[in-house]
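Labels run A, B, C, D, E and F following the written order; every chain starts at residue 1.
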Amino acid sequence: MNRKIVTLGELTLRLSPFDFERFVQTDKFEVIFGGAEANVAIALANLGDDVRYLTKLVENEMGQAALNNISRFGIDTDYIVRGGERLGIYYAEKGVGLRSPKVIYDRKNSSMAKAKIEEFDWDGVFKDVGLYFTTGITAAISKEGRDLVQYSIKEAKKRGLVVVFDLNYRASLWSLDEACEFYDKVLPMVDILIGVLPTRHECFKGDFNHECLSQMLKEIHDKYHIKYTISSIRNSFSASINSLSAGMYNGREYLKSQTYKFDIVDRIGGGDAFAAGLIHAYVNGYDIHDALDFAIALSALKHSIIGDYALFTEKQVGRLVSGDKHMLSFS
Amino acid sequence: MNRKIVTLGELTLRLSPFDFERFVQTDKFEVIFGGAEANVAIALANLGDDVRYLTKLVENEMGQAALNNISRFGIDTDYIVRGGERLGIYYAEKGVGLRSPKVIYDRKNSSMAKAKIEEFDWDGVFKDVGLYFTTGITAAISKEGRDLVQYSIKEAKKRGLVVVFDLNYRASLWSLDEACEFYDKVLPMVDILIGVLPTRHECFKGDFNHECLSQMLKEIHDKYHIKYTISSIRNSFSASINSLSAGMYNGREYLKSQTYKFDIVDRIGGGDAFAAGLIHAYVNGYDIHDALDFAIALSALKHSIIGDYALFTEKQVGRLVSGDKHMLSFS
Amino acid sequence: MNRKIVTLGELTLRLSPFDFERFVQTDKFEVIFGGAEANVAIALANLGDDVRYLTKLVENEMGQAALNNISRFGIDTDYIVRGGERLGIYYAEKGVGLRSPKVIYDRKNSSMAKAKIEEFDWDGVFKDVGLYFTTGITAAISKEGRDLVQYSIKEAKKRGLVVVFDLNYRASLWSLDEACEFYDKVLPMVDILIGVLPTRHECFKGDFNHECLSQMLKEIHDKYHIKYTISSIRNSFSASINSLSAGMYNGREYLKSQTYKFDIVDRIGGGDAFAAGLIHAYVNGYDIHDALDFAIALSALKHSIIGDYALFTEKQVGRLVSGDKHMLSFS
Amino acid sequence: MNRKIVTLGELTLRLSPFDFERFVQTDKFEVIFGGAEANVAIALANLGDDVRYLTKLVENEMGQAALNNISRFGIDTDYIVRGGERLGIYYAEKGVGLRSPKVIYDRKNSSMAKAKIEEFDWDGVFKDVGLYFTTGITAAISKEGRDLVQYSIKEAKKRGLVVVFDLNYRASLWSLDEACEFYDKVLPMVDILIGVLPTRHECFKGDFNHECLSQMLKEIHDKYHIKYTISSIRNSFSASINSLSAGMYNGREYLKSQTYKFDIVDRIGGGDAFAAGLIHAYVNGYDIHDALDFAIALSALKHSIIGDYALFTEKQVGRLVSGDKHMLSFS
Amino acid sequence: MNRKIVTLGELTLRLSPFDFERFVQTDKFEVIFGGAEANVAIALANLGDDVRYLTKLVENEMGQAALNNISRFGIDTDYIVRGGERLGIYYAEKGVGLRSPKVIYDRKNSSMAKAKIEEFDWDGVFKDVGLYFTTGITAAISKEGRDLVQYSIKEAKKRGLVVVFDLNYRASLWSLDEACEFYDKVLPMVDILIGVLPTRHECFKGDFNHECLSQMLKEIHDKYHIKYTISSIRNSFSASINSLSAGMYNGREYLKSQTYKFDIVDRIGGGDAFAAGLIHAYVNGYDIHDALDFAIALSALKHSIIGDYALFTEKQVGRLVSGDKHMLSFS
Amino acid sequence: MNRKIVTLGELTLRLSPFDFERFVQTDKFEVIFGGAEANVAIALANLGDDVRYLTKLVENEMGQAALNNISRFGIDTDYIVRGGERLGIYYAEKGVGLRSPKVIYDRKNSSMAKAKIEEFDWDGVFKDVGLYFTTGITAAISKEGRDLVQYSIKEAKKRGLVVVFDLNYRASLWSLDEACEFYDKVLPMVDILIGVLPTRHECFKGDFNHECLSQMLKEIHDKYHIKYTISSIRNSFSASINSLSAGMYNGREYLKSQTYKFDIVDRIGGGDAFAAGLIHAYVNGYDIHDALDFAIALSALKHSIIGDYALFTEKQVGRLVSGDKHMLSFS
């Protein structure tokens, strides 16, 4: 299999107050260029994988800054298209203690939300590529986004790529009906599915547990005939302390990862790190148990990073998986 | 009842090292304009209440900066008097882990500490107002402060306002004898009293508990014939983790609030947020149990904010009271 | 005449790299809430005038932050409407030395750009008001903006207010034809016009001069029968050093102000300070020469301030007009 | 002659907005510990001289921070007294372009302003010392300050030290009458006087010139029989560009220094650097012309430093005196 | 006994990303001058002890900055030698949550690593001194360092000083064989030994415990005939939460300190604070139990400080030892 | 001709105090990865050229950060070698006003200074490349550097590339004799030479002028038979204001560029921007006059940027060349 990975999605400007300031008190914003699929690409590049990222970026200095940020990690940006009206934005306030984190979207009419299928060079995009990743956020931002995701998955399948899809459902971006209609079209083409259907989010109400998750993953597997259905489970002790574990259904059995409990510096991108960990493990031939452990460890580690990115090498993640005691190391 | 609230007190300049720096290592200070009664006014304004704030501020750019800061939250500043010698100051070092927070006062001879009763337009101040709030700190800073608090409470009573008083005892500002002499004059006029008499602070020695608090609140109630005597209880696991609950005696029974345990970003203003929560609940007709829960939730949330202010809407506090799981929300 | 002033316009979020960083290198933005008419309102409030500001702001925390920022200066915000989709944004990179400043607009579909005439309480807005100010930017952002400006000026005239209008032409927001069509409708209702028609911008090509300006002002005066036509003239030695003077035609003669040459900290809001200076002088009964000198001095001083606002008292401006030697003063 | 130098004065906390922010817009202050005589001591220590600094500092963490700051430059702090009520403060806003710098004092009742003569160990203070320096600011802050300056100068004279005094007149701290009464007592004991009498400040009205200065210096010399009367002359093109030169009358002739024109980063401490340059030159046996040039060069260089201190070695100053071309140097 | 203490070691420049940033994402470094023996000297100076620090520093502005930093705490720097090639550097990334802290050394060829025995004035260094402290890091950085440590300990012993040595083994700086060869020469001269031999680090593998530690301390005691062998024990719950206790063998019995569990702001210098606490207790005649408790409390408190230094007075440490409840205090 | 450009040199970590702080007062450093040849590569990438950069970088997180920084601009980093001991460092203090900028090198034993010829894949490096650029700094840092420069130029020539060399003489890195011996070997292979021989730097003593420069360029041309000999001329009015122009000798005539006078934000990298401008003009077929003007304009613009890089597009430079008036532009 070709080991090159392509991810497609929107690259947005995340504006966050520094430290623990609230929107109503801050006078400066951190500038972070993020987005689920870009975060996955960046995490993979830091793990040492060969990644191409696909998006459309506005043709001005802010678009250039966004592009530079992707290039910085050695990601292939050759097929990124420039043009359109604006850079999508979201404002993100970190949570701490009893105060929950908060995101305000301002992504409408962004260059990527208005991008057309025919603007991309699909043959080039998928050349020598083995795995394709995108998420439900890109589908949720616009009609054009939905078309793009559906089309690109079809093209990837056609070329024999492994398709990984993260549901990433956002109730503020589209309705449940729109989402489900879309899922029915797309999920049958997916090989590895991350997340659970929003229709069954009632499990989220109480503290999530593996019993509930295993049922949900089995249901999705059965409904769409997906090879691996996988999800992480988060328990939130406070906005500053969470725990994470993961479960996977492979058509025969339900597998569980280790559980990590951890302090949170910045929660955004935690799920993307999980997806990146799974893809890295898949592309590099990990066995299933190791893959789950690696992915959940990377996701847990992400929470120690300011900004969206899981800035870890494979070796650093491996150290946590093998039971690192968090001692100071010298080199 | 008129729902407009007046608070009176000193607005001081708080100078704090950033993050967790100590006084002896910092080379910059955060500029925060605070003071118990101003903090209460600001918290109320953020909750959506109609507030007027009364103080005296020096007539220079620093006084102007302080004034702008109050106006910013939509608080009525029309009756604030300008003049006098200086802006009162306090230096505040945050605590963290095993290191306790520390405050150094430099408030003597401030414009408010030297303000005279006749400088304020009392008829204007109390026009269309339903509730008046001030605290023992304003009484403690000077003889003039004591006169002002006593006079203003008498005037408020005369006009039929509900009087809320927070004891806020500071041993570094006045002696116990001075304080008690003052309490004997003022507390009989108070409708809602927050805090416990410093004469009975021995309960604070061990870990505070509701048994001890209920006795103290009953004693004060009986001694001064106050309608509601209320106090929060803080347990300090470290300078970074505390828990809070509250108790109230209403002449018949002792009521307890929920208990919250939380990470601390900045501890100053936690008590003021509790007072603001109570006042908000009172003015908006909450029942007694809900009032206590709301107040203690707001106080707990305050600890997640850098600076003195409880920057929360009623809805945000309500979410915690109803059992928020601290998940990331999108809008 | 009533001395209360109303200004109407959009309040946008300005995102600027700190110091002299470029868009492509910054990792943080200054958060400044600006807009021509808000800047004028803030400058007037700092000069001691009684101002009301009118706009529509999105109903989320970012809209609240914008609103707080206006309240902070003691401006009346009672008639501001909340709602709509988003806060308009612009990115602004400061210039320095040989490098020109740069602005990128992202204001489409903002709450104010989509505001409807009937959303505002016009009787309330203009109650006890003597002067109304708005600018061509608000007209340029959308069809709805154009309607709002035209309607509000008509309403102001109907109530006998003095109408001041700043052309503020932005070629990136609308075409010359659209602008001129709009001018023909609105300028006949204007009492004091600031700026020159973009149709005659050829004078800007070379170094601007009073001869050229006096003709332009006379032409506009004659065409639209405006009482005072006024404009500043800027000469740019570099992005760090400019000079400013102003000219006015009052139907009989052309008057010139003093000229100031100055270092630039932040150029944005310089023109708004000029407008505010004129309005302040008008409302406070300055004679014509003093008005021009005051306005150009305030505009020059603005360039020493980080952010959009002319944060000066009348006394501070007066000191420059009377020939301040920039010595250190102690108080 | 012993080359050890003693300076006596108040060490105050200077609170300055960063960069070019105004008081009314800043949310943080630079923490700088300054004061004329401390600045002179620090400049001398950086030039390589052996200095002792004398003051009284409050006994808390802020006093400790001030003390550490003095020790940092290798200055002898053994005779500094701890105690009293508070650290004196001043707020300082930098000027830029057409906007003048501004200082607001809050120094009343500081530990040093209330220090008593008998609190210091005068024999220890002056042991093995050759030169004593203090200024009119210390005399101006309080009655106690006046006594201290007068007494210390008498003690220094008694022990045969060279006495250098900088007039440093501040109209906001005392009246002209008080100052002159004090000068009559103290100036007859002074060997080297820096500055001109405030009674003759009319020369400052226009642009200062050497003709005027030479007369003033001769008058002071004749009136008080002072060996060297010296002053710098500042011309202010703007708050960002000044020029400096200096003149000296030695009883026979009037000598002029070089003139420097320069950009200003921070103007405070410029005069103190001049005094330090003169003292350094005197103690190290420079000839008179070189002394004046060295002092004015150090003063000019100080304006390139953020904060009060002239952080330059003798070699660095020498390079400017000999005509440095400001090229980048590598080492 | 003379109470003056000398410490000898390298003063390096520590470059740390701010807050919790990683090396690969930061664009600024905190400048901290640290090193085990300098940290001990600084901690002692803050506790009120009389300390001299000995090192060699490069003769340029960076060396000067390092020197000023030591002087700042009132430490005697008279015997520090200037010269050599460069300032040693280390990059330090803080850990947080599940992410471990990381140090990268760049200390080769530093001025101190190349310093020669004969460059120091040993008679001056040890004049009126009662206790000498150095560590294994200085021995590990170079052959010259090893010679310096061995020679200086011999000289200290010769003069009757108490010799305290902290093993501070760093596997990245030298091999176990080199270290052990060196220990055999030096440890027989040591009176108080801190730390355990790297040959027996297997105890570190699991969670450290007092049983294991007591054996190790007894073995070292017996092998080298050292009066007190002492070590702290750290358990690491995460990079953000650790606990510490200490054990000592005095030839007769094994003694244990209190245990503290705490949040970590900056872990570096925790061990140096422990050594400083022991030395302070020894020099000031604490009894053995109090000494252990004081040292472990200071070490625990250090973790609340940004940077390497234990910035605490004796009184502040005493408060924790006696069971401080971390309440806000006012003065 | 192939338009791909290769530059080779060391990538060092530049540590600069922020703003105008001096080394002895700063507590934080800007992290900038620079070096003459990297700066040229980055400038070219921003101008839109296709660039490959060659160096050797240490195999740790700091080396990774340096590598990411190069990738960020879309530069080809495929042939960069990882390994060696350390990242070279230099400390750089900006100048301002009368205070000169200062650089302290700590580059010895860096990975690149110790790199061997055989570690690079020269066939890969020069594949499809048209122009090769390196400078005298890389030759000056070590014997290995000298070998690398000589070998790489020979290889480039052998493959028919245009060779551009910037003399960049640093007296602190090597002696004049070493330099000249090296020049004699290398310059005969050079097609375009930038800078003047240090043997003839006497022209630099006074203010540089075109008469002197034209002679120097002709001499070098004649001595080494170089096609184009080119240099910029800098006049330094102060550390904050310089002017630049350039001259070129092409074997027939001496050509002069425009002259720019400008404010300086950061002077480092000004010469590298000039080289990049020349290379861009050459590769893109500018005529000779336009090339000189373009290069000097880019160099002048660089001085407005914080950090080493000329972050300008071709269009932005073109605007200055055609006489930009530094007005605010909107898009």
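Just so it is clear, a residue touches a chain if its C-beta (ideal position, glycine included) is under 8 Å from a C-beta of that chain, and two chains touch if they have at least 3 such contacts.
The chain lineup, named per UniProt: A, B, C, D, E, F = Kinase, PfkB family.
Here the structure is a predicted model, which means the values were calculated and not measured.
Note on connectivity: the fewest steps through touching chains from subunit C (Kinase, PfkB family) to subunit F (Kinase, PfkB family) is 1. Judged by shared residue numbers over all numbers used at their interface, subunit C (Kinase, PfkB family) and subunit D (Kinase, PfkB family) contact each other through mostly different positions, with under half in common. In terms of C-beta pairs in contact, the better-connected of the chain pairs D-E and A-B is A-B. Distance between subunit B (Kinase, PfkB family) and subunit D (Kinase, PfkB family), defined via averaged C-alpha coordinates, is recorded as 44 Å.
Averaged Cα coordinates give subunit B (Kinase, PfkB family) a centre that lies 41 Å from the centre of subunit C (Kinase, PfkB family).
Chain centres here are Cα averages; for subunit A (Kinase, PfkB family) and subunit D (Kinase, PfkB family) they lie 61 Å apart. Residues of subunit C (Kinase, PfkB family) found to touch two or more other chains are 19, 22, 24-25, 27, 60, 68, 102, 104, 331. All chain pairs that count as touching, in label order, are A-B, A-C, A-E, A-F, B-C, B-D, B-E, C-D, C-F, D-E, D-F, E-F.
Against subunit C (Kinase, PfkB family), in their complex, subunit F (Kinase, PfkB family) makes its touches with residues 19, 46, 260, 262-265, 297, 300-301, 303-307, 309, 311, 319-320, 324-331. The part of subunit E (Kinase, PfkB family) that touches subunit A (Kinase, PfkB family) in the complex is made up of residues 19-22, 24-25, 95-105, 170-173, 234, 236, 238-241, 267-268. On subunit B (Kinase, PfkB family), the positions that touch subunit C (Kinase, PfkB family) within their shared complex are 60, 67-69, 71-74, 77, 331.
The touching residues of subunit D (Kinase, PfkB family), when paired with subunit B (Kinase, PfkB family) in their complex, are 15, 18, 22-31, 60-62, 64-65, 68, 85-87, 89, 91, 93, 102, 104, 106, 108-109.
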